[in-house]
Structure formats: structure tokens, C-alpha cells
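As written, the chains take the letters A, B, C, D, E and F, and residue 1 is the first residue of each chain.
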Amino acid sequence: MFTFLVDNEISIELLQQQHRAELYELIDINREHLRQWLLWVDKRKCADDLQPIIKMWLEKYAENNGFDAGIRHNGNLVGMIGLHYIDWKNKSTSIGYFLAENAQGKGIITKSISNLMEYLFERLDLNRIEIQCAMNNVKSKAIPVRLGFINEGVIREGQWLYDHYEDIVTYSLLKKDWEDKRIVKKLSI
Amino acid sequence: MFTFLVDNEISIELLQQQHRAELYELIDINREHLRQWLLWVDKRKCADDLQPIIKMWLEKYAENNGFDAGIRHNGNLVGMIGLHYIDWKNKSTSIGYFLAENAQGKGIITKSISNLMEYLFERLDLNRIEIQCAMNNVKSKAIPVRLGFINEGVIREGQWLYDHYEDIVTYSLLKKDWEDKRIVKKLSI
Amino acid sequence: MFTFLVDNEISIELLQQQHRAELYELIDINREHLRQWLLWVDKRKCADDLQPIIKMWLEKYAENNGFDAGIRHNGNLVGMIGLHYIDWKNKSTSIGYFLAENAQGKGIITKSISNLMEYLFERLDLNRIEIQCAMNNVKSKAIPVRLGFINEGVIREGQWLYDHYEDIVTYSLLKKDWEDKRIVKKLSI
Amino acid sequence: MFTFLVDNEISIELLQQQHRAELYELIDINREHLRQWLLWVDKRKCADDLQPIIKMWLEKYAENNGFDAGIRHNGNLVGMIGLHYIDWKNKSTSIGYFLAENAQGKGIITKSISNLMEYLFERLDLNRIEIQCAMNNVKSKAIPVRLGFINEGVIREGQWLYDHYEDIVTYSLLKKDWEDKRIVKKLSI
Amino acid sequence: MFTFLVDNEISIELLQQQHRAELYELIDINREHLRQWLLWVDKRKCADDLQPIIKMWLEKYAENNGFDAGIRHNGNLVGMIGLHYIDWKNKSTSIGYFLAENAQGKGIITKSISNLMEYLFERLDLNRIEIQCAMNNVKSKAIPVRLGFINEGVIREGQWLYDHYEDIVTYSLLKKDWEDKRIVKKLSI
Amino acid sequence: MFTFLVDNEISIELLQQQHRAELYELIDINREHLRQWLLWVDKRKCADDLQPIIKMWLEKYAENNGFDAGIRHNGNLVGMIGLHYIDWKNKSTSIGYFLAENAQGKGIITKSISNLMEYLFERLDLNRIEIQCAMNNVKSKAIPVRLGFINEGVIREGQWLYDHYEDIVTYSLLKKDWEDKRIVKKLSI
């Protein structure tokens, strides 16, 4: 019901109980694609399995500790994007996302994060945005790189994935990096 | 951050902690105007008094039991609108609202509810929408009347207001009323 | 264990866990009769199903938000009566009840409410007592009518019952109505 | 509102929020008398201090874990009586009480417990009732003795009272003791 | 991980989730021996049944209300010892314990309690330590007797055990008893 | 009461309410020294301010999510050490610590962590131990370096400290690193 507009085609919508079936279908169709990097995919076996999770997402939002939202492209649910948490003391957050296979290659995530960043740095006055990707997840890593995030290092064996540990790369953008970029952009016009 | 678009000028935005100051200013400027009908106005004496209330509003939203949102007109916060609860068993809800004095006379509430109704009947598949107004609140009662709601009767001395009881009028619109209207509208075009 | 005496034959007793079997028997014998108007009847399939409900009733009582009690006629459990809530801000409450088929026609509910009203208006200093009945529940509607309650209107399609919506009639008695009646009564003696 | 009848003069009533002022007055008038043995008396300095305690008492009752009730003599609140807990696994409980100074010498507590015992052994099917008194509280100890309870021993320094420890005597009556007494009583008639 | 050293051979260790399997094995091997006096033994049918219990034990510890710990003899888990509660107002506690059959006869419990007492009286400044045993549990009763505890009396039919009530004996040691003993000990050396 | 032995001089003790005064004294004496890197120091103004924090620490322990313990050197409380959390899914934890100024230079922290690591890798079967230090905290960074931890990179402006952001360095040791070291150690003997 409540959305954040990215552009004419893309919007981000807070997911509610009435989106259960729609979200489940998205996950189910992309199951093979998503389970490569997301452990929780195997646990969602029907739309009703999403009921407590959607509740948990909204509670996180109510506690002012981030959000979990659907990405719509021309009205269709094609992925999710969210803030894992907001650390208000240190003015820092971490962005997560996934996209349906057939919606890739259109810059949907990049445009979404690009818009979100303005909101996070300007309206919420945050200082640091982080994106963490598995070292081997090449497509996911391309996003922060394209957005000019800085690679800060590798959390070795940071995440267990089915039968092995994945190294996790941390990318970040600080408010000052973002402001510098905006100046460069304006000057170059 | 997350909004429901009514038209080019009006939007409804879920209120969050970052809107505290903005919301307090709205209440404070309209204090005399609002306290006539809203008992809680006197209790809000600074922006921080709104912190627990915004939290409570978002928790209600997280429990899928309605919402409390700000109304923006050309970006300015001019009022609030919400669902007091959603009774899923009986597919019924109740709409509440208030508007800044200087935003009145532009049909902002009427347009907002008109759009909301479509969402409530179509997407949420509710069957009954209620609006309750104090008998003596002439401006407020004009809204459901204008929207074609049916007057169902009076809850005598239903609400305590400072030093006396107010009678409360209940207006309602059923899904079937709403569908009939849409048919009439289409035919008349 | 704790009772409210109505007269020599009728008493109202706060239900506790030890009444589980007795209450279940009452429901089970009157199943066909009760399920006509009470959706919850079908869900109670053994005495132990009542354990969490009795707990919930007593918690409501502990929160000073009404009560749920058994009606005894000559010691036998023949029905239930209660206050759905107490709205202390507006000094208002709503009475609910049901009676076993074989206990009907003796004025048990009417006498019980008549006594309760004195307690609610005098001791608890409430201002408004409401009784809501399904439009088609002729027997139930006879109670508030007999007690001089005022019909305030109809909540159209207010309650879902198995396969259709029921219209709900709201009756009320205000403290001033009740005081007027008492004066009339005294004068007429 | 809900009472347990002891005899024509004495009743035991579940205390609710509306009894706050009445209960506070009882405590306040008997302050010197009560504080000798009851540590909590000094902490109650106005009627509103009783609000959370009455809530706690009713929650205990809702959890089926005893009760805290007022004793009325000819309608006047003259003391309190209750079950500290009910140990359902071992079918055991412990009775506590206090009485206003000016209500003493009329057998009010003895009669109350005598009636309660029948309820506890017969209806609740408990097996053991305990009464614990401070060794030096001669008046209090007289109650279980009069009722035929057995002295089971002394908990040395069992309770801290302002500036010293009190020894605590445990008295008990088992269901079988009570049944024996009833037979003796009947035979002697 | 965290232990309280009794002597070179005996230590008391706070039990955590990682001890589940080890603790279950201890209970399972001693099942016949333990179930004679401990009702809960029959309910533990696999190591995972201990998960919520260990959590509950640690929560009790976190609330500063006693502890539940394993007894290790030369590293092997051979029993448990704990404080059922700590009554800080009255500076009193109650010790409970059980031992594997094959670890008996070595004074393990006696030495453990002997050491614990010093901690409880000196560091925690408690005034009274209680040990309660079933009258018929001869081995268990030998412990407080050996430690010089005083027999304070019998709680008749204090505990339900499968098909009958057990009488419970209360033993206690006061701080002053313990200090007297220490003086005697020193003098006699 | 419950301790983890490091060596003859050093032990790690779970902190409880009875350590409040002792811990407060430690903090107060080292206030200037500690507040350089620890924001919470300024908020602790008396021993009782530690009551809710100690409770929170023990609850974390009860949830199997790390611990917060005192470090004793020859019996004296000289610092604290703990696990900020245990991430059981990814078998990972993070160690934190601080030391009184006058206890520095004796290898107390290094020895403590060295012992803890064996417990964490062997008994708890964790895979990854992390230590995070402010870039400018030279003394603190020396610890993981000395223990052979790997520098994984810098979280830029990761922590707000009074009036500026600190960069945070992440060091880690994996189970396999630790096993390699042990082999090397053995071979070199």
C-alpha cells in the first residue's frame, strides 16, 4: 500500500500480509536462482510460511531499525530491497537486495539504491552505508562497484552456505564520498 | 519515506520517528482548532511526546491492524488519516482523520478517502467502512455525507469531551454500495 | 468461587479453571441452539479447549476491563453473562449473554442484567450500557427492549456468520434514563 | 463485585480497583496495629499505591494461583484473607489473613477459614492447607490452633522484620484430618 | 565454561546448552535411581528435551535467584547441585542436589555443600540455608545431618510422588550456627 | 562465583549483582583511561547504575549469546573480557576487553584470550573469532597482532566517539589458522 518512488517504472513497496502470495510466487519461480546465495529460500515452502516473516519485517520497521520492501517494475514484484538495521548511534546502515532472474540487466537495483542513498544521507542524516556481498557472487558485487562504493576488505569465512564458508566483501560509501560525487557531477554538467 | 499517492498534489505517508518535529508543528499551530474534538491534543506538549505514539502507530501497522499516516498537500504535512483498526473476521474498518485549518476547503480529505476506499474494498477485500463523527462536528460529518455514506444512527453520549458527553454518529459504506455507485458512474459517462 | 447474587435463585459466578467440565457440558448440550448466533461454539470440542479462554477471561477481569461469568439458576450453570469491555474514559460498557435452551422463559437474563445495571451505574459510576444483538435474533433482542433500552440504529452487515453478514442492532441505556426510570417506579408505588 | 458468602454477616470479596480508597482507609486506620507483623504496610502511603498491587492480586487469581480478597462484616471492609499460592502438583495451599483491630474477637477469621476449607478440600480437591505465623504473633497463632491445625515445626529466623528475624511456625491441616473431624462432628450430634 | 572449585577433584559448573548431551547421558544412565525421588526424570526422553530447561536455569541465574549447576568429579559430570531460589528479603536459600549412583560414597555432595556454605554465608551474606528431603529418602537426609543442619520439622504430605504423598523434612543451618562451628573447629585444632 | 581459570594468577569470573561495587570502583578509578575509547563510561555514575547492565549481561549469557566477565589477577578485579555475541549459524564470535591502567604490561589480556580461544574452537566448535579495535587505539590493536590474528581491513568511520568518527580495524583468527599454529608450535618443540 505504501511505496517509495524510484522513477516512472520502479517503486519500492513496504510488504504486508496481503502480499504473501505474490511474494511467495516470486521466490518460488526464482528458487534455484536465489538459493545459491540465500539460505532461507529452502525454508519457504508455501505462502503462509511468509506470515511470521512479514510480521517480523514490519516490527523491525516499527522499531525504526530498517525496512524490508518489495521492488516493483511496472507494477510487477521483481525483487526485494531493505536496510538490515539502522545503527543510529553510529549513523550507519547496511543495504541488502535480491532480484528475479528475468528482471536482471535493467539497472533496477542500481537505480533503487541510488535513490535510496539520497534519502538515507539527506533525510535520515546517516553517515555510512554498507553493502556486503559473498566474494563469489559476481553479479551482486557489481552493484556497489558501479555505485562507487569502496571495498574495505574481506570477512574471511564470514557466512556458512549449505556445506562451506563464503568470504564476505564489505563495500561502503560515506556521506562525504557521496557529497564529493555530487559536486563532481554538477561540475561536469 | 513510504507513501500512498492520492493524486498529483495529495499523498498519504506512513509517519516515522523522523517526522516528529514536523508533526508536532502541525499539531501546535492547529492546537485550538484540533482540541475542540480531539482530547489527546492537550497532552502533546513537545515533539518528543510523539515518540511513543509514533511507535504505537507503527506497531499497529505491523500487526496488520490499520495504519496512521500523514496527509501531504504539495509536500506539506497538512493532516492525518488512518484506519483505527481492521476487523478481519468481519471484514470491517473505521476511518479517522483531521486537517489543518488552512488546508480546509480543498477537498483533501474527501479525495484521500475516495482513493483509500478503492484500495480497501478491492485490494484488502473489506466489506464495510465506517466513519464516526461527533454529532456537533458539522465539518467532519460533511465528509461521509459527501462520499455517499449511509447514516446508521447515533451512539448517545458515546464520547467524553472535557466536560460533557458528545453523541456520535455512525456512517458506513458497504462494498455493495460502492460497487453500485461505480456502475452508476460508468453508465452516466 | 466468587459470585454476584441476583436473587434467591439466580447468581453470577466468575468462571475459573475448575468449571471447565461444567461449562463444556453446558455448551455441548446447547450446541445446536448456540451455534446459530455464536461463531466460537464450533471451535470448542472438549473441556480442555476452554483452558486458554478461561485464562483470557480472567486476565480481562484482572485488567479491569470487564468480566465473563457463569449464570447459575438454583446452583446449575445455565448460561453466561459478561461485560465485553469497560471503556473507562467514556464510562461505557457493553453486556453480552447466552442462555441454555431449557432455562429460557424464566426471566433469568432480564433479572440478571437488571441487577447488574444497578452495580454498573451506582458502584462503577458508568454512564452508558450497550447491548448489541443480531437483527434476526428475536429472542436476544427482546431482552434490551424489555429492560427499556433505546434502539440506536443498525450496524449494517456488522458481523460475519458462517456464510453471510448479519445486521447488528445497538440498544443502550444511559445513566440518566435509568435514574428517570427509578423515579417513575418510586412514584408509581 | 464478586463475593464468597461465609454466613449472614461475613462475606469475602475479590478486591478490584474500585475498592482502592476503601482498602487504603482500612490499612491507614490500622497502620500501627498491622505494621507490627506486616512489612508492606509502611510502603502504602496513599490509595493509588494500591493500584499495581490490586492488579497483581487479580493476575494471580487469573493464573489460578490463589486469590487476595477483602473480608466484609455487615458490609464493612474489616480485613483481608487469601491463598498465597496454589501448588496444583502437590495439591497444597497456604492461607494468609489480617483483621482490623476493632473487628477482632468476633470469630470473623475463624469462621471465614472454616468455610473456605470446605471449598478448598471439596471443590478444589486440595490435600493440604497451611497457615504460617510468626512465633511471637500470639493472636494469629490462635487461629490455626482453634481450627485444629497441626503444628509441624519452626522455620528458624524465617522472616526479616524491620531489625530482626522472626521464627515462623507452620501449621497444617490435611484433607484426611478434616474428613476425620467431620465424622467426629456428625457422630457427636 | 564457568566453574566453582570445591577441591582438586570436585568442581561445580554452570550448565549451558553445549552440555545437553552430557547431562542427558547422566540422567539416562541413572534413570531408575533418580526417578525414585525426582518426578521430572520421566519427562526427559532425549537431549533436546533439556534445551528449554537449561535456558530456564540460566534465566533464574540471570535474575539473581539461585543457580543450577553440574557437579564434576575428575572432569566427569556426576550430578547436579543448585539453589532453588534466593530470598533476598529474608536472606534465605534452599539447596538441592542429586548424584549418579556410581559416584556415591565419596563425600562429593557433602564437600560441595560445605564449600558452597562458605560462599553463601560470607560472600552473599545470607542468613539461612535450608535443605529439604523426603522422609523416606535416607541417603539424601544423611547429607544435612552430616553437615550439622538442624531438623526443624516435617511438612506432612508435602510432595506428590507418582501415586502417593511424601512427608518432607526441613533441615536448616543459620549463619550463627555456622560461625559457632567454625570457632569450635578452630579451637579444637 | 563461577570462574574460568586462565592460569595460577588470572581467572575470568561471570559478573553478578554482588560485584556491583567492586566493578564500579574499577571503572571509577580508570575513568579517564577508559573513556578515551568507551562511550558508556561517562554514563556510569554510581554502583547502582550497573544493576540493569549486569542483568542484561547475564540474560545474554542465558540466551547462549556470549558472556561478559570480570578478569581477576591474584583475586583483584582488573578488567573485563567477553564475547559480544555468538553467531551459531556462522560459528563466529567477537571478543571485547578492557584493562585497568595499573594492570597493563603483564600480558593479562593476551593470556586470557589465548586460553579462551582453545575453549571457543575446541569445546564450542566455533570457526571464526574476531577482534575489532579503533584504528587509533594502539595498545588495543597490539593484542590481536600478538596473538597472530589477521588484519582484514578497515570499517571507515565505523564508530562515533564523542565528537568524531573512528575507523575500526577488524582482526580475525579462523579455526584452521589456529590449528596450523598448534602444529607449528608442537613441531618447534
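Quick note on the criterion: contacts are C-beta pairs under 8 Å (C-beta built on N, C-alpha and C of every residue); 3 or more make two chains touch, one makes a residue touch a chain.
Bear in mind that the values here come from a model prediction, so they are computed numbers and not experimental data.
Q: Work out which chains are contact partners of both chain E and chain F.
A: none
Q: Where the centre means the average of the CA atoms, what chain is farthest from chain D?
A: Of all the other chains, the one whose centre lies farthest from chain D is A.
Q: Round to the nearest whole Å and give the separation of the Cα centres of chain A and chain F.
A: That pair's centroid distance is 33 Å.
Q: Round to the nearest whole Å and give the separation of the Cα centres of chain C and chain F.
A: Their C-alpha centroids are separated by 62 Å.
Q: Based only on mean CA positions, could you tell me how far chain C sits from chain E in angstrom?
A: Going by mean C-alpha positions, chain C sits 52 Å from chain E.
Q: How are the chains arranged in terms of who touches whom: line, ring, star, complete or other?
A: ring
Q: For a quick check of the interface rule, what order do the chains take around the ring, beginning at chain C and passing next to chain D?
A: C, D, E, F, A, B
Q: Please give the residue numbers of chain C that touch chain B in the complex, ascending.
A: Residues 39, 89-92, 127-128, 150, 152-160, 165, 170, 172, 174 of chain C touch chain B in their complex.
Q: What residues on chain A touch chain B, complex-wise?
A: Those in contact with chain B are residues 1-5, 12-14, 16-18, 55, 58-59, 61-64, 67, 69, 119, 123-124.
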